[in-house]
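Next up, some structures in structure tokens.
Each of the next two complexes has chain A plus one more chain, namely chain B in the first and chain C in the second.
Our next item is the complex of A and B:
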């Protein structure tokens, strides 16, 4: 047996194992392919188109569907946007809307609802949570119509009918306090997401651990503070992150409720502006290019936020090892 | 702390956890709740802890009725089967948690935690997290956490079930030693009769939510008051045989088909007076393989246990478990003569399942 033979043999086995590994990778990619294709067609390609549109001045007045014939204007749309006297107001509207809705409803109220419904009778808690899913599974149009009908001016609105019955003055609720309604209406939907995540996290805490805390001398409130909340830290951070991003891009309910009004941009948020500019401008003058610039900025803000969240909350570490199961 | 449980009933909807339990535990006593799973022993323990509220009956700690007292106001320590350590806290924080809730000053907390940790032999682990400890170490931490607040009552919920056999033996001794030293009234729930027998001053045997017996270990072993207790306590379990006991000329005889066993008046008189069919119980160690045996049978299976052989011998339809010297090297299929020590035989009423020999 020559020396080259002894060398070649393990290397052939090695190559074979490489081939096997490659084959198994191919299987994995094969399974990922359908989802990958969908993401490319319905997400990456549109993002690329929007990016391109944002550097053109495409509008209904100079419409063309030929990408090559669209007029390239560089960063002019972004320049216009930064000088837009209302962009600043809309920017702060958006921050206000996201922060207030997120902190009061999507996180705090969701936490309160899950803690309450896990501390009462199990089936009663379940029914209560099931009811709170309704806003999310109701079509937004129907859901907003219900709110509008409740809050409408006298003599149509249900609340104002009660006011009249009690001899109280009537109010035009939505136009006097539009922000309250924008936040409450969105918040009621937002609660259900955190509620489901928090509830399942709380219920997955081992019963022994909860009993141990009571026996160790905690009240139920102390148990929430020292045991339950630390143990659901990861779902808590997840909900904060996920809901920030989803509130940033949500606009359907606002569009249906106030359409950014009353008055000039009173409750207009960034994503709604992108929609208004690009697709629903006055006199049918849709500014696709300009609207795309708004959309691109929103995506960039979202990406930056997501990266910051991942860094600050150290997601990789949180996902790395199960926290409660490590008993 | 003396504990008096009177007519305790706990129901979950229609499901009965414990029914009409009456049990008085002396100050400093170590009591085991023994029974198969679902017998209500853990339900009783959690009711004593205040996690469950009794449906009916009274629980007194000393003179105080604690039925509706919150767990935190009962001054109890509890050790769980799963250890139930808080995974997000260090070992120090775990042990200090009951003190922190009592608002004990920081320096006192520090001192007490270290003291308890040293007693439990986990002094060098205080900075670790529960996930980094072995099962045995975690159990010590759990015990330390239960002891640190100097409880009036210690509750154990199958604390050794998750440990390996060798460690279980060590911890058994340590817990018993600790309990005797500290003199804390303790209740120990287990389904392992060996644990109950070796550790407890008295054992409460439970089955299907009801108390079967409450006695010292050797009392339960030698004078079981019910068929269930007789069968549950002791390993390998007692042999049972349906017999009829008759008397002629002052001699008593237990008979089952071909088996005829003479017995003395003290054991024979009550079942003979009861008349008809009774259940006879005889422990494996009370059956010997001897030349001058009472009945002849055949060895069905030999299970070597090391120190002795566990033998399943068949006499006709009947099977008897007995223990034999390994030196004898019995083989399956061998014909043997069995000698019954009838001075140790037990007799039960087949209907009421109560002992015909021992009454309450």
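Our next item is the complex of A and C:
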């Protein structure tokens, strides 16, 4: 056996293993490519554009789509934003809105509805869940019009008409309690998402596990506490993460209901401010550059929160290969 | 034989198609974009269709006229034009508020008209004061489409309940013009109406429930200015404080409700004010009248009900001692992307006549823009228009300036602050001025 032969044999095996590894990588990246392209086109490119807009003074009075013709002003928009006397208020409004809506409706109520509707007759549960989905599938404009018509002051609002019939005082509900309605209106929409995820997670728990807990003498509440909740931990964490980011960027219902008022930005949230500045104001001279600065900060907050959630909730474990298959 | 006939028919068909194509090639395409509340404001765009043939004959061309008219929100409507302009797809003619000249002229989206206006005698007759609001950087950028006044509507029904005689009620507009009945008198009357139970607290006087041009006349009424002699933005602190004192004071005294800003226009404001049974004084616009007649009191008699129960007057004198109003003319502007601006202007000239503008004025209760309109039978005999046209002699206007949007937004913040009790008048002025300075920097002078 020559020296060259002894070298050739391991080299062939090595090449084969490299080929296999490359094929495996290509397969993985091939499967990821469609999603990756979508993320690049619909997230990274827009973020890059908005980032660039935020360092220009682009407005209706000097509008151009030619990036080279936009006037670069450095961090001036960010300086203006940080000096805005209401930026802090709007920031904390956003935190309040996300935390309250998320904790009361998007997670807790969604979980309660899921648990209740999976513990009653199956078809009745389906009907209740279908009802809870109505706010999400209704056009936001129609949905808010319904709320406005219900809550309008006397003699126009339906609730106030009942108040008058009963001899009770009437109220301008939305103006008096704007946050209550902002949270409730958005929360009713948010419940459906968690409800669907949780219900499917609960339904997929093997029945023998559930039955075994009852045979072992647990009450229904104990079964929920010690069997169901631990088994739907991942869906719970996913809903918390996804809905946090979703609420951070949602503003349509708030715009239609209170438009950030009443008074001084009482219910204005960050994404609504970005919209107001960049795209919508009564007299028309929209501040695209300044509005983009608000949007960029929102993206940064969202990315930071997403990373924190992924670390704290250990999402790598969620997507790890099942241990039984790793053996 | 059949073959020959077929060939001949085919030949004739091809000739016909070619001829049609040639005509289509010669047709001048003009797109007009209008915002209008249907049905009363539809003449804004529809008038062009009426004069199309006449202009075709005058110019010896064929016009392919494309009218796009809807009642989109102002913000969306204006953004649409900005984006379309940049994309090279702007309409030839855009109808919008004159204040857009301040943003669109420097952006190069519209063209100046000084050189071409003299070519059309129709424009000679436009009420001279209306041109003032169409200028920017020393040039004229639009042709007035309509004018209006923003008056105080008063409920005759409730004033009668308060014990006013018919003479007192009917003479109110004259007394306001003469400065005998001031804004302070209006607030005192409203307070009396509340005290005597004629109206509920908060219903003595309503202003509009969202930001808009009206609010500026309170500031003007206290001697404030938005532009200095050189056309730069200014804010007069004293006038600002006085304005906020007036608005905040009205809330404190119970005349004006603290949650007026945010009320729904269609759900609450119009149906309440239009009925004349709940609110004593309301600051609105002349065009509200046909809207109420058609949509809110049609079952009670429409126009007749309104004439019987609602009157309108100038905004009573405030600190300056002069009764005023504010006119916000809508304006036809020609986009810089138009390939046929001469045809576009000819179309605008053709509808700038008493005959055509009267249709819009009468249907929508917008004031006329031509001197000849005032003398025309249709206009002069219109009870509503003839009762309001004098207001143009006492009018003010918004400024045309790219920074007006920031100025207005900050000014409105102060109004919200003082009416909801989140700041007193001086504090509200501080809020507004700080906001103006932060957003406009050196572009605003505080006096």
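Just so it is clear, the second predicted complex is superposed on the first by the 276 of 327 C-alpha atoms of A that agree within 3 Å, B and C clash if a C-alpha of one lies under 4 Å from a C-alpha of the other, contacts with A are read in each partner's own complex, and residues count from 1 in each chain.
As a convention for this text, a contact is a pair of C-beta atoms (placed from the backbone, for glycine too) under 8 Å apart; a residue touches a chain by one contact, two chains touch by 3 or more.
Quick caveat: nothing in here was measured; it's all calculated off a predicted structure.
Student: In the superposed model on chain A, is it clash or fit for chain B and chain C?
Tutor: Here the two partners, once superposed via chain A, fit next to each other without clashing.
Student: Counting only touches as set out at the top, which of chain B and chain C does A:285 meet: first, second, both, neither?
Tutor: Touch status of A:285: second partner only.
Student: Taking the superposition on A as described, I'd like to know which of chain B and chain C A:17 touches: first, second, both or neither.
Tutor: A:17 sits against neither chain B nor chain C.
Student: Tell me the contact category for A:200 with respect to chain B and chain C: first, second, both or neither.
Tutor: So A:200 meets neither chain B nor chain C here.
Student: Could you let me know whether more residues of chain A are touched by chain B or by chain C?
Tutor: C
Student: A:149 in the overlay: touching chain B, chain C, both, or neither? Say first, second, both or neither.
Tutor: In the superposed model, A:149 contacts chain C only, not chain B.
Student: Does the superposition put A:172 against chain B (first), chain C (second), both, or neither?
Tutor: The second partner, chain C, only.
Student: Measuring by CA atoms in the overlay, how small does the chain B-chain C distance get, in Å?
Tutor: After superposing on chain A, chain B and chain C come no closer than 51 Å at C-alpha.
Student: Shared contact residues on chain A for chain B and chain C?
Tutor: Dual-contact residues (chain A): none.
Student: Provide the residue numbers of chain A that touch chain C in the complex, in ascending order.
Tutor: 59-65, 80, 83-85, 148-149, 152-153, 156, 172, 174-176, 258-259, 261-264, 279-287, 290
Student: Would you pull the chain C residues touching chain A in the complex into a rising list?
Tutor: Counting only chain C, the residues touching chain A are 73-76, 78-79, 82-83, 85-87, 96-97, 99-100, 102-104, 106-107, 109, 210-212, 259, 261-264, 267-268, 271, 398, 402-406, 408-409, 413, 416-417, 419-420, 422, 431, 434-435, 438-439.
Student: Per the contact definition, I'd like the list of chain B residues that touch chain A in the complex.
Tutor: Where chain B meets chain A, its residues are 46, 49-51, 70-72, 76-78, 80-88, 97-98, 101-102, 129-131, 145, 149, 155.
Student: Along chain A, where are the residues that touch chain B in the complex?
Tutor: Chain A reaches chain B through residues 206, 208-209, 211-219, 222, 226-227, 230-231, 233, 323-324, 326-327.
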